[in-house]
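Here come two complexes built around chain A, the first alongside chain B, the second alongside chain C.
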Partner chain A sequence: MSLKGKRILIAKPGLDGHDVGAKVIALALRDAGAEVIYTGLRKSAEYIAKVAVDEDVDVVGLSMLSGSHMELVNETMRCLKEYDAGDIKIFVGGTIPEKDREALLNAGACGVYTSEMPLEDVLSDIERQLQ
Partner chain B sequence: MTRLDPRSRRALGRTLTKLASASVAESLDHGARQPTSDRDTTRIGFTGAPGAGKSTLVSRLAKRRLAACRDQGGIAILGIDPTSPLSGGSILGDRIRMDNIVNEPELYIRSLSSRSANDGLADNVADLLDALDSHGFCEVLLETVGVGQAEHAVRHAVDSLVMVLQPNAGDAVQAMKAGILELADIYVINKADLVGARKTASEVRGIVQRHRDTRTWLPPVIEVTQDGEAGLAELDDAISQHLDWLSKRRDPTETRRLRRRYHVQSLIVRRVAELLGEQPQLLDEPTLRDTYRKALQTLAGDEAATDPEARRDTW
Partner chain C sequence: MSDSAPQNRTPPIPEPRTASGIEIPELVTPDMLQHPDPGRPGRPPYTRGIFPNGYRGRLWTFRQYSGFGTAENTNERYRFLLESGQTGLSVALDLPTQCGYDPIDPMARSEVGKVGVSLSNLAEAEILFDGIDLGGISTSFTINGTAAIIYAMYCAVADKQGVPREKLTGTIQNDILKEYVARGTWIFPVRPSLRLISDTILFSNRETPRFNPISIAGAHVRDAGATAVEELGYTLANGLAYVEELIRRGGDATRFANRLSFFFYVHMDFFEEICKFRAARRLWASLLEERFDITDPKAQRLRFGVVCGGSSLTAAQPYNNIVRVGLEAMSATLGGAQSVFTCAYDEAFQIPTEFSAEIALRTQQILAYESGISKTVDPLGGSYYVEWLTDRMEEETRRVIEEIDDYGGVVKAIEDGYLQARIAERAHERKQKVDRGDTVIVGQNYFRRDDQTDDFGEVFKVDPQASERVQEKYQRLLAERDPARVERTLKALEKAAGQDDENLLPYLIDCCHAYATVGEMVATLKSQWGEFQEPIRL
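Up next is the complex of A and B:
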């Protein structure tokens, strides 16, 4: 299995200024064969959706450390739909409290990956989602 | 629905993905359905070593040139980054320098991986450029990977070619002396805020001027910094002047031929690589000539060369 030919946007919404986690996952995805685009820090949901559309990615990974993941996922999803791109998937990574996992999945995220998860498990789940 | 609203961008994005990942056979099929665009979108190429500041420069220049292009179809940027030969993956980092222009509605940025191409461009880049032509952009800015023989390949894909150098880029100056970099129309000494810019600029100017009588366009050498407007304005003007000069002299047949030549050459090179991968037994022939002959024979009966209708008959 590999992510060869898949296009993935790693985006950092929200206000926190840490992108170590985002960079780790970006490099791991590249090493699994994906074409990875990275947005840099503090992007709005609208910005992220716009880049996802122009770059025609298969999935957007939202890397988040603090707070408002629910709103950000909902808002990104709303923008993608508005741009005729509701089929672009979203996964969420970072420090996500266990109690929020179910809600994020119900909101439509295809995966929720916390920083404790082994990287191989994250990669193989993303591969499964993109098949 | 206008040409650059989100829904059209969605459709364009998907077309580009399909074209970028097309095999040689698919690319030929596409070419048969879609004759080469006869629109005349201006193409400006930017080449130079990784880290020379190409993406930063392209971003600022796009914003500047958008003023004249806004009502003429807007600007598209293609930024190419290298594919890792080991994993086939890539980090497409050009657009991270283009943050300041993402909100311009008449601008479209697309990141590409080089895939199997090792000439500084990407597989099927000719098809991608044609698709942007057909979509009605006024200008396309193309950023190469900046390694290998990037100058040669990009030369024929674009109208104006800008070579981006850094101060104290000793290698680049050596290469220019050897005549390798004479293909560019404009030289930028970028990061002119760093020491040595003046000296590098005058060295490059010296080389360019020594070749003066052999060319009718004298390539300007322009110092640019990411915080200053003067150099950028000078570059902007130089590009417009070169395009103007070109439009009065260029033979369209010759341009079309050069582009066709690059296109067919890159497809054949890629097809040979595909073939040798698919049929490694070709490499077990007793002599090099046998391998060469067998490979050519196999190519002569190649599926990819057959048009789709005829292929269907044989199924």
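Up next is the complex of A and C:
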């Protein structure tokens, strides 16, 4: 599997401070050849969208464990559209209840990944989304 | 999923290594022990426990973490828990309160009341503890970045209830160093944060002498990826840094060391966890003596609470978590914990329902009253394996602490992002081991069923209007309080924050009494100290 040449932003929107998942996925994406940018904690949707545009990324991964994922995903999408960058895809990781997975996909997320999925499956799904 | 995926195989016989990687001998014999006689409980170095009679005088505290939505919602849950036999409160606060944002702040709005209760000012705290006598209950707050403020608010509620401050018992976590490493609710740069923590400890030693003004926590670095040995090493290293700072501030070492408390995780390696606690007590007593010449026996005691659950819980076949938490609580009590929080089986994924919260509490009651664990002190003391592994845990932990010393201390290791990067690597390794099937997680990577779902049954829903109601109450407060008093107390706080030798707690308590908000107090301190700049290192 290769994500060579792909630029990926891993972001922590909202106030949640659990960054293990974000860092693990960032390390795994980097090992798979992607260029990974990590925002650090507590970033606004506005900031994340701006970095995504400035860094010309292919996809943004949002990591959230505080239960605010619906609001924060919608907000990030809105900000990306404002930057005329609605084509940048978003995937979501974190503590996402089964029932919200569908809702996030319907809202336009290209993938929803939880900590129990094998990294290999997550990476190949991201790769497929970026083809 | 391929045929070689772990769930389609039978797991191999477990490797003879602890979860931290310590090689386990096939048989431990008495000649392999460094401490064949672990000494007596209630005496330094406390390997067998800090009380001579173990749990016979007093059982551990059953302390279930709880809080969500509005202060009214949470007050109701507390009354339910107290009526069900819980013996201490443990307050979960929402992220805006933890990070210092008021509920109407744009950064905060989507997080109000989600992972804990919103507590932005004294009026909310009065509702939270309505009908609960603060003189008769101990309350623990998992709060760090804004710990000094929440503690000030608790003192102010006590003042309002007419409870003398010296009667207050409980704990604030107030351990900022590990927030930079793992949990992420830091606000200010490291050095002024250390000052604020010292202020709180020194003030509390004087005004609320029965209160624990810090709970030095390994739980979160562990959950983030550290091994049991690293958890203990990082935690004790942080503890040493606080002691150093308190001595620098002129604190009375015997007095403050007496009120330091600790908080650890319990994971699934049953014996390693028990030995971790035994090693922790012995090592802490030794380190205080070696490094600071603290030899008062009471001050050398390591008192600790634990959390059972967290990242060892799985969404896959979630009812298995009840068994996991039961085993972990056994490790904790065989290891001599002072307070235990047993996670509900759904707790790693949602706010527990009353049903799941009750099972978690019953688990402790079964251990305390049916299992017999509490009937003699340190029942495993003298077991060849337990004594051997306690020695090995102590040795390995010393190595971790020395490594941090060699790096230049924890503050530098945090400011550089060194510890953060280490933990991320560990988490990555841990995940790879699970994916490969080297680590067995029943129901997740082995022993799955084709028809299994990650369904928890009943789902707890936070009151959807909670955020709105909190914001309404907040607006009402702004209209009703005395703005001149708010301004005066915040100004005084600002001035005091600029003077290094001034203790900020009296100023914070004044602000609370004036109904200044958490966000306002934090903004005032930020104006003097700035904010922590997170080192991004992958």
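Keep in mind that, in the parts below, the second predicted complex is superposed on the first by the 130 of 131 C-alpha atoms of A that agree within 3 Å, B and C clash if a C-alpha of one lies under 4 Å from a C-alpha of the other, contacts with A are read in each partner's own complex, and residues count from 1 in each chain.
To be clear about the criterion, a contact is a pair of C-beta atoms (placed from the backbone, for glycine too) under 8 Å apart; a residue touches a chain by one contact, two chains touch by 3 or more.
Computed from a prediction, not measured in an experiment: that's the story for all the values here.
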Exercise for review: Could you classify chain B and chain C on chain A, in the superposed arrangement, as clash or fit?
Suggested key: fit
Review point. What is the contact status of A:82 with respect to chain B (first) and chain C (second): first, second, both, or neither?
Key: first
Check your understanding: Does the superposition put A:97 against chain B (first), chain C (second), both, or neither?
Key -> second
Check your understanding: Who does A:68 touch here: chain B (first), chain C (second), both, or neither?
Key -> second
Review point. For A:55, is the partner it touches chain B (first), chain C (second), both, or none of the two (neither)?
Key: first
Practice item. Scan A:35 for contacts with chain B and chain C and give back first, second, both or neither. Key: first
Exercise for review: Using the superposition on chain A described above, determine whether A:7 touches chain B (first), chain C (second), both, or neither.
Suggested key: first
Review point. At the CA centre of chain A, how far apart in angle are the CA centres of chain B and chain C, to the nearest 10 degrees?
Key: 100
Study note, to complete from the structure: Min C-alpha distance chain B to chain C after superposition on A, in Å, is 5
Review point. Once the complexes are superposed, what residues of chain A are shared between the chain B interface and the chain C interface?
Key: 26-27, 30, 36, 38-40
**Study point:** In the complex with chain C, residue positions of chain A that touch it
**Key:** 14-20, 23-24, 26-28, 30, 36, 38-42, 44, 66-68, 71-72, 75, 95, 97-99, 114-116, 118-121
Point to revise | chain B-touching residues of chain A, taken from the complex the two chains share | key: 2-5, 7, 26-27, 29-40, 47, 50-51, 53-56, 82-85
Point to revise | Complex contact set, residues of chain C against chain A | key: 1, 5, 95-96, 98-99, 101, 106-108, 110-111, 114-115, 179, 182-185, 223-225, 314-316, 348-350, 423-425, 427-428, 431-432, 435, 444, 453-455, 459, 462, 534, 536, 538
**Study point:** chain A-touching residues of chain B, taken from the complex the two chains share
**Key:** 6-7, 9-10, 13-14, 16-17, 21, 84, 87-93, 95-96, 99, 102-103, 108-111, 113
